[in-house]
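Shared between the two complexes below is subunit A, which pairs with subunit B and subunit C, respectively.
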Partner chain A sequence: MIKRSQRLAALLEMPFTRALIALLVILALGVLFNADGTFFRWDTHRDMLRHISRFGILACGMTIVIIAGGIDLSVGSVLGLTAVVSAKLSIHMGLSAWVAVPLCCLLGIACGALAGALIARFSIQPFIATLALMVFARGAAKFISGGKKISQGVETPEGFQYLDFPQLYEFLNAKILGDNVAVVTLVFLLCVGVSWLLLARLRPGRHLYAIGGNESAALLSGVPVGMAKVLAYAMSGLFASLAGICQAAQETQGDPEAGVSYELTAIAIVVIGGTSLSGGRGGILLTLLGTLTIGYLEKILSINAVGEAGRLMLTGAIIVSAVLFQRGRK
Partner chain B sequence: MLNFPPVMWSGQEAMETQHLSMRGIGKAFSGVRVLDSVDFDLRAGEVHILAGENGAGKSTLIKILAGVYAEYEGEILLGGQPVRFRSPQHARRSGISVIHQELSLVPGMSVSDNVFLGREHAARGWVRRARQERECAALLARLGMEVTPSSLVGDHPISVQQSIEIAKAMAGDARVVVMDEPTSCLAAQEVERLFALIDGLRRQGCGIIYITHKMEEIYRIADRITVLRDGKKIGTAAACDLPAEQLVRWMVGRPLEAQFSRTPSGSGKVRLEVREFSVPDPAGLPRPKVDRVSFQALAGEIIGIGGLQGSGGSELLAALFGVHGRRPTGEVFLDGAPVSLRRPASALREGVALLTNDRKTTGLVLGMSITRNMTLASLPRYSPGGWLLPGREVGAARGHAERFGIRAATLTQPVETLSGGNQQKVVLAKWLDTNPRVLLLDEPTRGVDVGAKHEIYELMNRWTSAGITILLITSEMPELLAMSDRILVLYQGRILREFGRGEATQESVLAAAMGREEGERK
Partner chain C sequence: MRKPIATLVAVVLTAGVAVLAGCSKSAPEAAAPAESGAPSAPEKKTFVIGMSQCNLGEPWRVQMNKDIEEAAKAHDTLKVVFKDAQNDTLVQQNHVREFMNQGADLLIISPREAAPLTGPVAEAYKKGIPVIVLDRALLGEDFTMFIGADNRLIGEAAGKWVREKLNGQGKIVELMGLQTSVPGHDRHDGFVKGLGDAAIETIFSADMKWLQPDAQREMESALARFPKIDLVYGHNDPGAYGAYLAAKAAGREKEMLFVGIDGLPHEGRVYVEKGILSVTFEYPTGGREAVEYALKILAGEQVPRNVVLPSRFFTPENLAAGGELIGGSDAPAAAAP
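Entry: the complex of A and B
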């Protein structure tokens, strides 16, 4: 008996169990306030997943960076920049997805690697380095787009023209498997899978945990600290660019203002999942649960027609309670 | 000893005899009992040693007294009054001052601001800086310290910081001062000054609880000794009634054979050769940290590096492992081949491993599991092509845990949950797992209990008989004398003297360490 209760107590101590309980509480609220059965329809869940996917993708990169003891404030701006570049390449220039997607990804990786290099090589604090990149990338987005949204409608000397909608965006916007799953959700799950492989199964992932846990001990153990940090921020940049392509597809345009404050949502998702902001502890599956928790919270509030003001206040309160619950009583 | 609490409200008389009394103290962490109805009492004006192996429950008892753990069984009487500390501040205001092993100073603040931290002299919220600095200066003078109250704590060496910590503890009206291994990073003359301070406190009527693993210290200053083992109190005795063998038996539960037993195993082959090796001062001062040091070490030999704090020993070991502020000069040969040790990673590739003198800040990733800490420095072996093989890691960790005698419930638990001695064994296992040719050990037994120390000495014997060369730094003279095959004594970064096995005595090594051979020094 004692042994069983001890094992249960140990199970309850695990961050994963706690994140799962937080999600279940939110789901129970959904059942309770189901808005005349809206909550029980699959398309409610599908749309929630479709909406939250971009944030989830950003949160994957954020998780990697936070586990390495850093923070990435630039993801929202890099998302905006790549949304613009993606729209420019796909809509205006009509390039195929096989060219446009790799180019956007390279741009995201370059942004992340730049931040990582500033942090690793010149020991600039992650907060400062990525804050600078956040401002710079937003500027770059406005510069490339000329401050206007990049959409199908363009002014030419011959008059107003309406360009073709790129196949890439059509594909990303589609719902497959009998109209039941949005493609962007699959992109999100793919990002979760890649992050999981990196963090749980690959050597560089272990290095990131060690660096976040104790950087000097990691360095003295022969861990290539600089390389690992650059890798973490590059991954975050890569995921931000994927989210940017999805953003452009879902909005059918490249908005230079897209992604403002998304980095904060991504951080909230990571923290609600239970990954420690001080680094070294956490995991991508926690972030998956955190993504669902935030997604369902917003969905339940919106199907119950809670206004934006109430939604924001409630979300703030829930973040605090989730984190307190994650920490538990010690 | 009292089995019954003294009558309440008769505080005055009780204070004379029973300054502090803790009775029936118990504490369990998630079902694991770490303290089991421990009675402990402290008289005014005595130094009471709290002894026991790591994990015996000393720190837990102290943390309960200091208000860190507010939930516990049993009761505490301070001056006859029952008290229950809800927080460290509460304990502090009631006259309990704790000097932790880890310093609790803010490096970026001035000495006087640190001393008065949390108890600032203030008028309507404004800190009265001038008054604080005046009082701080008076306090420092009383302690015989030459430190400017307005200077920054971080600008002082660690030993001075330790003294500032003591000044901070004494600034309040401390009735009980707890010192947790205060000498672990002090050099010999600083230890003397600390003992003088303790004597002063004792005469002022303070009760002092002193935790240490060093036998000489215990018998230098103790009035009474209480021994804990496995969370239980074994006994309390006056220091003069408790001979050292008896004390050790109480601590470990079994008599230790000879505490040091070195089986020399140096072969004829030169493993490590260092020629004209210098490490510049990282801050750019003209005097280098290590100054043209040359020596040879045979395979299987233990070379002791003697010298006072700051004589360059730690810097020498760090530089040989590729850790340095500015590039060292000179040549290093391993098995006759010249090697370049620029970074820890390249040193590890050459088969050099460094155990640093601070396992918490530079040795372990505390939140990581035992297994992962053990494999961290040799990760490529467990991840061919970058792909981790957890099964291989667990297998290796099991082997290490068995060979090193690591006591842990599971190998997946975070290393921070282990006692100090077991943590140290995890760090040693990590370095051994890299299959080193040369092992640089900087204070391998710091903060480790008697039993674990003995185990570490045995491990060192085993490694050297397998041909590993060890460079050893230790602040415990008996350990240095007993374990080293040769001793190089450093003074101001230079090798001042070399002793063969059996030539050295405590006195001769200390004399060399203090630069006596230089003649013009006093």
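Entry: the complex of A and C
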């Protein structure tokens, strides 16, 4: 009897259980305020998953960086930059997905690796380095797009011409498995899988935990700290570029303003999941739960048509409660 | 460690200088006519117009600058220098002072906020520099003229159009720009007035912050909740387009009509041409008119204090003819049914 209660207490101490409870509380809210039964229909859940996927993808990269004791403020801007570049390549230049997607991914990796190199090689603080990249990438997005959305309509002297909608975007926008799951959600789950593999199964992942826990100790025990950091930011850049492609597909255009303040949502998702902002502790499954929590919160507020003021206050209150709840364990 | 840092700094500085050199090509010419003083100088002089835009992040404002640029291109006596305040009021205050110091002959300003910019603009105006205020008015009297459109009238025209199109009854969704913004309020209030006593019920309304992805999400909720929607009124075209994308994803885009506002050539009018929106109501930028009035002011002519820009609406039927004026009475060639 004692043993069982101890085991239950130990279970409750786990961050995963805490994150799950937070999600269940939000789901209970959804059941309570179900907007005439809307909450019980699968479309609602499918659309929620589709909408939150881009944020979830960003949060995967953010989790990796935060576990290594860093932060990446540039993800929103890199998303905007790759959305523009992706639209340029796919819509305007009509390149096939096999060329356009790798090019965009390379761009994202290059952005991330640049930030990582500045942090590892020149010891610039992650906050500053990624802040600089955030500003720079937004500028690059505006420069490449000329301040306009990159869409199918192209202005010519004789009026507007319409280009074909790229197959890649068609594919990303599609729903599969009998119209039940959006393709972007699968991209998100794929990112979760890759991140999980890296963090929980591969050696560089263990290095990242070590660096986030105690950097000098990691360095002294022979962990290649610099390389691991570059890897972390490069992964974050890669995920940001994937999210950027999804963004362009869902918007059917590349908007240079896309992704403004998305980095804050990504950080909120990671923290609500229970990954520690001070580094060294956390995991990708926590982020998956955090993504669902934020996604359902937004959806429930939306189907009930709660006003903007109420939404902002409720979201703030729930983020604080969730984090306090996570911290409640010893 | 030393060397790489030095290299990095050198690279960054070189790049910075290159970018600045690229941007400032026009600066020396712009500053040149400073010494010649008063705008009433004889013909053949080049006039420098300083244009301060509050935020080039919005496509509508990009269009405003483009309209000014194109209108000014036709006159080789005009030279326009553009500045972007990037949504920062204090930066825009500096623009006014910079233009004053550089000896601009006339200022066009599309202010971010009224109160903080009233002072600097008054200062320039009192020094004898004419000021044209675009889109958002300033306080007081110390500027030459104001040019802007009326969101309330445009919203009302949209309401009347919807009332007529739906034969006075139906269920609609309203995707609002931002309830806390003046344009959002005006486009809503005008719309309600335009609907009048018709049996048209707004079954779902939400804030989409003028953003297409947010409009898409809100529309998904509306679609999930309501089995029948007759029309979606978006406070801007990206909002209406986001709603269309959501409806299309649900296979319900044929069931309803989509109405937007702004009518930019590369945005709303393209959506109308493709049959996505049933109508878009132009919110004119006033860029072209600003240049026309600037020419008059520089030539010493009298101009009105306050100009309300006429607005057009675009449907698939009248698009080719260049739209139709709202109110309809003095519509140009497009008046035929």
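A few remarks follow.
One rule holds in what follows: the second predicted complex is superposed on the first by the 326 of 330 C-alpha atoms of A that agree within 3 Å, B and C clash if a C-alpha of one lies under 4 Å from a C-alpha of the other, contacts with A are read in each partner's own complex, and residues count from 1 in each chain.
Here is the rule we use: a contact is a pair of C-beta atoms (placed from the backbone, for glycine too) under 8 Å apart; a residue touches a chain by one contact, two chains touch by 3 or more.
Remember, predicted model here, so these are calculated numbers, not experimental data.
When both complexes are superposed on subunit A, subunit B and subunit C sit side by side without a clash. Greater residue coverage of subunit A by touch, when subunit B is weighed against subunit C, goes to C. Once the two complexes are laid on top of each other via chain A, the angle at subunit A between subunit B and subunit C, using C-alpha centres, comes to 130°, given in steps of 10. In the superposition on chain A, contact of A:A217 is made with subunit B only, not with subunit C.
Looking at the shared chain after the overlay, A:T44 reaches subunit C, while subunit B stays out of its contact range. Within the superposed three-chain model, A:R203 lies in touch with subunit B and out of touch with subunit C [touch as defined at top].
In the superposed model, A:E158 makes contact with neither subunit B nor subunit C.
Using the contact criterion defined above for the overlaid structures, shared-chain residue A:A9 touches subunit B, although it does not reach subunit C.
For the pair subunit B and subunit C, the minimum alpha-carbon spacing after aligning on chain A is 11 Å. Put simply, subunit A uses no single residue to touch subunit B in one complex and subunit C in the other. On the subunit A side of its complex with subunit B, the touching residues are 2, 6, 9-10, 13, 200-207, 209-210, 213-214, 216-224, 280-281.
Contacts from subunit B toward subunit A in the complex involve residues 30-31, 321, 323, 343-345, 347-349, 354, 356, 361-368, 372, 376-377, 379-380, 383, 386-388, 430. By the touch rule above, subunit C contacts subunit A in their complex via residues 4-5, 8, 56-57, 59, 62, 178-180, 204-207, 209, 212-213, 216-218, 220-221, 223-225, 245, 249-250, 265-267, 270, 273-274.
Across the complex, subunit C is touched by residues 35-36, 38, 41, 43-44, 47, 51, 121-122, 147-149, 151, 153, 155, 160, 162, 173, 175, 247, 250-252, 255, 257-258, 298-299, 302-303, 305, 307-309 of subunit A.
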